[in-house]
Amino acid sequence: MAVAGATGYAGGEILRLLLGHPEVEIGVVSAGASAGSRLGEHQPHLVPLADRVVTDSSVQTLRGHDVVFLALPHGASAQVAAELDPDTVVIDCGADFRLLDAAAWEQFYGTPHAGTWPYGLPELPGQREKLAGTRRIAVPGCYPTTGTLALLPAVTAGLIDPADVVIVAASGPSGAGRSLKRHLLGAELMGSASAYGVGGVHRHTPELVQNLTACGGSGVAVSFTPMLVPMSRGILATCSAPVRDAGLTTEQAHRAYLDAYADEPFVHVLPAGHWPQTQAVLGSNAVHVQVAVDPAAGRLIAVAALDNLTKGTAGGAIQCMNLALGLPEALGLSTVGVAP
Amino acid sequence: MAVAGATGYAGGEILRLLLGHPEVEIGVVSAGASAGSRLGEHQPHLVPLADRVVTDSSVQTLRGHDVVFLALPHGASAQVAAELDPDTVVIDCGADFRLLDAAAWEQFYGTPHAGTWPYGLPELPGQREKLAGTRRIAVPGCYPTTGTLALLPAVTAGLIDPADVVIVAASGPSGAGRSLKRHLLGAELMGSASAYGVGGVHRHTPELVQNLTACGGSGVAVSFTPMLVPMSRGILATCSAPVRDAGLTTEQAHRAYLDAYADEPFVHVLPAGHWPQTQAVLGSNAVHVQVAVDPAAGRLIAVAALDNLTKGTAGGAIQCMNLALGLPEALGLSTVGVAP
Amino acid sequence: MAVAGATGYAGGEILRLLLGHPEVEIGVVSAGASAGSRLGEHQPHLVPLADRVVTDSSVQTLRGHDVVFLALPHGASAQVAAELDPDTVVIDCGADFRLLDAAAWEQFYGTPHAGTWPYGLPELPGQREKLAGTRRIAVPGCYPTTGTLALLPAVTAGLIDPADVVIVAASGPSGAGRSLKRHLLGAELMGSASAYGVGGVHRHTPELVQNLTACGGSGVAVSFTPMLVPMSRGILATCSAPVRDAGLTTEQAHRAYLDAYADEPFVHVLPAGHWPQTQAVLGSNAVHVQVAVDPAAGRLIAVAALDNLTKGTAGGAIQCMNLALGLPEALGLSTVGVAP
Amino acid sequence: MAVAGATGYAGGEILRLLLGHPEVEIGVVSAGASAGSRLGEHQPHLVPLADRVVTDSSVQTLRGHDVVFLALPHGASAQVAAELDPDTVVIDCGADFRLLDAAAWEQFYGTPHAGTWPYGLPELPGQREKLAGTRRIAVPGCYPTTGTLALLPAVTAGLIDPADVVIVAASGPSGAGRSLKRHLLGAELMGSASAYGVGGVHRHTPELVQNLTACGGSGVAVSFTPMLVPMSRGILATCSAPVRDAGLTTEQAHRAYLDAYADEPFVHVLPAGHWPQTQAVLGSNAVHVQVAVDPAAGRLIAVAALDNLTKGTAGGAIQCMNLALGLPEALGLSTVGVAP
């Protein structure tokens, strides 16, 4: 396994999980500007890899691995991927190959569409099968994974009208990567909650629409608002949509969720009356989900929590790697969070 | 001025603000279980009051003040208020007298309705006038203040359909008071976001409906979901509703907001492109608001930030006190937050 | 394996680690007041154990296990332990059996001394051998583990005078347990650092003296000051003492530390110029250590970081369990932290 | 009043406090790279100044004000100050003019010594008089203010031997300024405590030595270790030194502290048994101090808490401005913190 972008947050999390995976050997760890330094300078938590020397992210260094993880800035993956052997499993944690719709890509990213790879969310209907044996995987965005898993049973069971979905999601700043931006400074974030990307402009919006459509929704429209809250990791998404049947009860919705996720290894529908908290999934590949129906408002509300770096990025990537390689899907991944 | 419940968070904040108010003298500070102790043991930040002895909250100790602030648990205010002189300004920070609708009260609080006092949100249409000279004030809940001020211009200007309002609000735990509950422990809260009161069951829901109705909305329905995030203070509310006119632009909405709040001393509509952050209003009576229209989702999204203990409770209370006493409305209150 | 006190923080962490241990089966999970409830209500992060029913902590329920972990309040372990079979491995995470000196026990704890068990810090000179095959283990306090491992090489190599040790350690509140105390509320902790137990009165002081004496120090005296800082987990201890040789350099001290810990599986001396951060050890059994000499002040300063719940409690307990059972010492334990 | 460096944290805090000062008018607000932008883009909490246009920091724009605050990077103040009128009160929040000892300056800062201005810590013996009417003020570093005020009474009363002072101080990252550095990113700081500048190399060390010497200490040596903890603001310093008299009691030390600070407007010695917490001084100019004697360790331990941006920088600056202008020393400054 090679990891390109090993000095960032996503790359570090991939390496953390690979260190606990029984069937992998970590090969090249690469990064752009930091080539030549020791990995321990950038990722002091990865003690067993502290003395690894970071290489550059050229195709030459990445070649010759069975699996290459790309944790690169948006737009950088296409060229690297094109030069890697077609038999290499290439897992892109960036956005480049997530969208089916070239027009949506261009609208939200402003660059030509690079193409579409199999979408790395095995929980989507029929998607697990498409990922088995594939050699190219587009890892979903962290918000789309959260919002999709929150609403999937409601859409597949036809409980809601997906034309008026509202998603408000709180995230820690690690989802924005290790970039030196003023609004990501600790002094600005601690003790503060803030909204950003409001009004349908966040790039994860078309991905949410695509996923809910893949669940069987027609005419899907999503109002998505992300916010930053003071925690390193974690996403909590509150998602709602009008119920189709005014008589739908919370118990019925909860039952539909239990049924839909009965066989999913990582999605855990909480018992009635308990609501997700991100702490409970920290560092794990688990997603905690709960649902309620508000008859006065006529909406079903589903809440999901996951760790944006684990199930939201690196854990999801390894789950897909397992499928691509024919390994047990949950190998090397945990449902146990680090709490409190 | 007397403050009943002086050892809690709301009571402490009232005292903090009264210490900076040029026209008040702080009289009795009272609390139930802590009577006889020094205030400094409970509120070490209130240095000038450190040696004040906390009295019990009986009517005997509270009598004889021009203004009595009640920062007591829900249900405790009615009896105290009944025995205070009708000429005393009584400002209740609890919920007892907020709701007009006795049935809604009983549904959400499960006890008989104590009555309705003038509602302490001067920004509501016509409300400032009702508060001038009143002797009884029901201070709004912190979430209703935030959500109402986020959406007020959109409702009064008829921009949205208030029958499908969705509000998701992140709050720090000080809004829950100084109660010894497991989910309020620091170890459970830090590094974690969690939802609670989901599905239309939070007690602030009917108050939000009442307020948006008072803004002129008809058939108001609100799906309200609160969440706890790791910061001591602050609320960030993301509020949305369907636009009435599919062609409404963000610029038009922003202009309507600027117009609606042009004369408000504490509501600050941010310049285009800037979104509220709770840090910017910390400790102040300011509310920061911004709005956008998402044409694909057909919704207007408004975000508001305030400090739940200041404008959300104690600052709002003192703003109303100023109106009741005929003082300048903004006296002793600030729009300057403590940041970073 | 049985865990008594399974609904607290230490008990939860033991269970988290046992879930990842290849050689254990989790038996009874018990707690006092919560008997009869599902474990998932208390520890939502332990998904695989969500449906386990919590039993009472009586000897009857704990009997019949090869290993019993006691994560009980101070003073509660002695009686339970006395009634368990002598062949059962009993691992006490409380303080009852840590101290050799009955007088020190009585001075700091105010109750009769229950006795002394083998002390569960394998890194102490000669201690690993004493733990092999033992059936009773007293898990060290979290601060003593941190401070001892910070200074051990300096004491064993005779670099410092242990008669004037100063330790100041910042900790998250999970070390104080899941108790409902006002100063542990999130609203009081977030955004705040505070000192407590100042002036030699904290109960971990005699344990620090005992440990540094066990490292070969004579006339040991420790000024220990703990503080609470806003993070759920982690301890960062800054420890210093006068150097014996005024010419000692940082390089020499660093070399002594590398030598002393060369074979330790969990203590990681950082490369020159890098200083510990608790994030890097979160959830892991690793301890990160660094050292410097300040010639102007004539002191050696060592800093150590660990996770108070892992290496500081539950991980240390399992490390000792491995030794007691003759398993590889590091089995089921990780040196990889969860960061950022 | 003009503020140079108005877009940084220190500059923002100066402006925040000036907005509440009854005797000042805010003139030019300047900054280097941001000239031409609105202040509201950088300091959204300063609502009344939101529309001010930031100018460049040239002498031309700063001239013509009675008072000029310099909140510039180290090394930038000397040239600006040299060109300002000698009658202008120039208050430098940087380090350039703090140290008396040119050799110490060059050792720690590596540049030629610019000179020495009256040191802005009125609590130092005799210093208040030196600041009255002065036209140049060097505002102390935030750590030196904290450590000095923690130990001042112990040194002036001869209770301790200042040759073996140990100071360990936890700070929020706002003290490091608004610089885009990786270790200041929120994701790295939240949930983590870390040490830095260990071993006598932090630039505030010689300033601490200078101050304790000014308190009457001879042969002062200070081992100073700073750490970063997850809060935006605040410093908590734990300071200790050997007692001169082995029989000194905590009560005697506490009495000496009460006496020493009896007339100080901003230093508050807490009642016996209460220890400082930074939350209690947040946003205020107060310093909370407590002291204990540890007879077993033979050391006196003093703990101080302050807000690094207020009393530690901007509040201290304004306190000195008041003295320089002949205004009441406490004018426009508060001892009331924003808590919780």
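All chains are identified by letter, namely A, B, C and D, in their written order; residue positions are counted from 1 within each chain.
Note that a residue touches a chain if its C-beta (ideal position, glycine included) is under 8 Å from a C-beta of that chain, and two chains touch if they have at least 3 such contacts.
Here is each chain with its UniProt name: A, B, C, D = N-acetyl-gamma-glutamyl-phosphate reductase.
Predicted, not measured: the structure shown is a model, and the values here were computed from it.
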(request) Look at interface A-C and say which pair in B-C, C-D or B-D is its repeat, using the rule that over half of the contact pairs are identical by residue number. (result) B-D
(request) With contacts defined as at the top, give the pair, A-D or A-B, that has more of them. (result) A-B
(message) Suppose each chain is reduced to the average of its Cα coordinates; what separation in Å results between subunit A and subunit B?
(response) 36
(message) Distance between subunit A and subunit D based on Cα centroids, please, to the nearest Å.
(response) 44
(request) Send over the residues of subunit D in touch with two or more other chains. (result) 9, 174, 187-188, 190-191, 230-233, 277, 279-280, 282, 339-340
(request) Could you pull out which subunit D residues touch subunit C in their complex? (result) 164-166, 168, 170, 187-188, 190-196, 198-200, 205, 221-223, 225, 227, 229-234, 236, 238, 240, 242, 250, 275-280, 282, 290, 292-299, 301, 303, 305, 339-340
(message) Show me the residue ranges of subunit B that touch subunit C in the complex, using the header's touch definition.
(response) 9, 172-174, 178, 180-182, 184-191, 230-233
(request) State the interface residues of subunit C toward subunit A in the complex, per the touch definition above. (result) 9, 12, 16, 19-20, 38, 40-41, 43-48, 50, 174, 190-191, 232-233, 268, 270-271, 274, 277, 279-284, 286, 288, 334-340
